[in-house]
């Protein structure tokens, strides 16, 4: 390990080289550090063990239990370059050691928020159906064709979860409506009020809104907390966007209720991905499907690379990171793996 | 004609009773005025002639050439309750007489802007195609499925026309991008700069933007000003939303270029509506179609009723109208009928 | 009169050459038109009479009664380059003739709004008094010195008048508070609601706000409508900014009540200007005075020149003006001269 | 110590009971915890020692070196209820132990930002001077009296420091100008760009702006980093607001340069407070003085109480605090005591 430059382990799987280690990134990091890289799988144990003594920054969610942290005396930061946490890090021990543990969730959120807004307008205004009807020669013009259409303007909108996704979505909704309610059990009512949204209980956020965005992360404690009884509270014909994790809803019930026309739905996430070839969900009516496409486009990876480079440089200069998200040890430890 | 109350002629065709004369409107207007109403067609000449002596406000675009204006000494306002002007009014004579001539264009604009934004996200992010692929079992997940997707965030966006539609759309785009260029030959560069948009020549607005919104009204002078040569300036794979009037583009060329994959397109307006049953346009690929659905939903008519009631009351109190749009006599006279 | 260029009469008194006819303006206008200029007083009658036949645009508030308008067949616009109207134009006749009558009120409003905000913070936070106390060695530090200070954040704010001044002020207040009430008898409640302000009756706007901005223009009908009884409704210790015209308040009562400590006040306008040398108002306590300084600084005249040039060019091209304010004939005719 | 309720030590000096322990706070905290309070001085050592075993939250900046942290096994948070850090806590050890160390800096920032904006408008528009001249009968009206006035609209504005104060100030400046430059050596250029401000070197931020806000906190490393040579870069007649800590400038040079008319200044903070009775600074011309009044008004303490209560409740529920500011251990340790 030459030159007194700090050592960075680049172990970003499931992120690929194309996503997070483009030429500009490689060049910028090589100016600052010696790099050890591993792509295509998580770095094998022996590679990780080899670098523990010297590594200052790990990019990727390499398993770092306490016994490894104990042997990584120079480690300053773990940058997972993902939007969620895995349970393979001892978050509390990392905090004890003053190691920054950072996720790229803020980098993925804008793309997801954009997608959610597109889904919401598509559902409320009937965009894909209009195209089908026109192609079938079955269209009606103007208000005659808009019988079931409604608008986001001045609509009551509810968000379940106000983390990175919610915070990226609200600015996109503001030009349409001021009536934004949020349910988030991890945040206080007063905090939500300072964000100019209305704090709301779970039953209220479900029952009182024309648009409902499900943006909650999956934890070890909230699996299917939106069960059939809760989903039954959603008002008739509301537009419901399932954007974060399928695990937080009783998925089969959700699909069934949408199919039956209880509400309109957009679904981008599934309990198992890929969905089985013959899974009957593929035939469900009244749902706008997509295959986990909301966040993962090149623009999001560009944002990850930008935030990662920026914060790595800050950390190597002894300054606090500004752009990636810091792990809250308890909450990160509760996150469900994927 | 009892009671000294002012007389209002309600002749709103093609607006229907359900659109603009709901119970609350009838009740509110009857408190202020005597009403003569005619629905289902333009009011017949003899009905119009009968009321000319007394009428103070006409709601609808009743033909009002100079000879009728001459015989309507108490007329204070013509409120067309539509989004566009017809050539059946002598706009200059109405101005000479201090008669307010008002359109409901500002009431339709929000719904159109919402639709345009939904179309733009749908095109860039591939929303309807994703649903089809999932249903066909042909989906790919995450970035693998997002090969051609791009985002509005930080994108270069161009608007052709900055009337009511453009002014309603810009606030919806602001949370995504500051790079908004506008071409509008009726507005000065300095005015556009005060609106925090970049003034742009026609060739530049066509060639320099990833998203292009065609929002220009049709006049007697601008038919097909976006001809094939102009459309050829649009960058490859841009998303083009045709939202105002089909007449402003060389429609067949536009459809052909989109079909060939030169750009992505959303088309809500057609040279002839309804489109003929067997019109080959219905088979054109790479276009998201809709049947003039952008503006005409109940929410827009609610907005028309609200603005109309508000301004009628202002005018009856001798105050200037605030919410509907005033005709610019020269420009209104150039508007193409529909 | 050479060359077929249009003729512009430049008669801007009381605006001076330095205010509205700087080198760049002269050069820009000379490219478009032949100019006849008169500074230092209103143009003498014979000069005006000489140009009536040909003049297309008058810049300044030259007297234009009907008999002169009748003899000015080519006149397209009168641009008064001031913030208020005088009664020396036949506004209805000008409208009948399709002549644009335009004021520069929107150009003066930002500077006035900035001044009002500065006055409001100065009153609430005690800025000038703090300086005096420090210089006198009489200061107290921190909260001990802030006994009577209060803040604009989350405060209830009332505006009397929502013309150009109010519309320029509201965006400056928004980052502080959403609790903005407006009283304006010329505007409907619904219009004000669309502006995201709360419509308010006069008694309520006076009695319910911690900050009160008096922004109403003076008309022939509203002299001293804020009389002593009305002013008595203002809550104790509120901050009251008198910004538009002294004529709209019972000025002596206003000064007396402020002096007695009923409320804090900032006064920029006076019933007679200049104020007499020995006028006792100069000794009134509890008032922050200024000598009609809110609007008239070079930055405002730069804005007038910019708007004027822009709209003159539009009009000469046959396009509607966009930036200056159009006279509402009835309201303009009611404006009090100054 | 009854009931299994958690123990809170309330030791907020120099905050007083009136500032941070009002009736509503006492009541709310007593519902959640057992309270031990000490006001008027820092809690004596024996009182602190007595509670170490049990204390879960300390409110106030009680000295907490490592040896005390070692003996406080249940301690979850130290909430200093101040805007700055003192060196009497072992910040790194607290972090190692997962103890939240929180300051109330975000609560003081809005009041300071409001004051800064008021000072800036007062300097640029000459508010206090206008009052003096009017009272002396020496006023001139309108533009004649505004010879040296300038405006924030479209002005170039520079901020030195972009912590809580800068982040509270920028939204107040936005309605006036988009030309906001920031110098902050702890933040990356990319981060500042995401905040829609222009990153700027120190020399540039000093030399290129009409308004300059000095908002940097004092650290052990930046004393008087704005020395006479740096201050000489400020453009003639700029408005300079010294708002955070006097220690960051060469104070005597600053006062001298302002007095000589090199620039306009507002000064709220001093190297020694209180300033000595006969200190010649009190006679310095061209400066708007105040006695550390920008932040410390009742509205700020109300905000502190609100944030403190909110985050204490979060922490007692095992959730992360949301509203107060977390210490960055290295940066907090560098903070200069006051």
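First chain written, first letter: the chains are A, B, C and D, and each begins at residue 1.
We take it that contacts are C-beta pairs under 8 Å (C-beta built on N, C-alpha and C of every residue); 3 or more make two chains touch, one makes a residue touch a chain.
For clarity, every value in this text was computed on a predicted model and none was experimentally measured.
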Farthest from chain C by Cα centre, which chain is it? Let me know.
-> A
How many angstrom lie between the CA centroids of chain B and chain D, rounded to a whole number?
-> 51
For the pair chain A and chain B, the C-alpha centroid-to-centroid distance in angstrom is 37
Pull out every residue in chain C that's touching 2 or more other chains.
-> none
Think of each chain as a node with edges to the chains it touches; is that a line, ring, star, complete or other?
-> ring
So the complete set of touching chain pairs is A-B, A-D, B-C, C-D
Please give the residue numbers of chain C that touch chain B in the complex, ascending.
-> 92, 95-98, 186-188, 190-191, 194, 306, 310, 313-314, 318-320, 322-323, 328-331
What part of chain D is in contact with chain C in the complex they form?
-> 19, 110-111, 114-115, 117-119, 121-122, 125-128, 130-131, 133-135, 137, 139-143, 145-146, 149-153, 171-172, 174-176, 273-275, 277, 282-283, 288-293, 295-299, 301
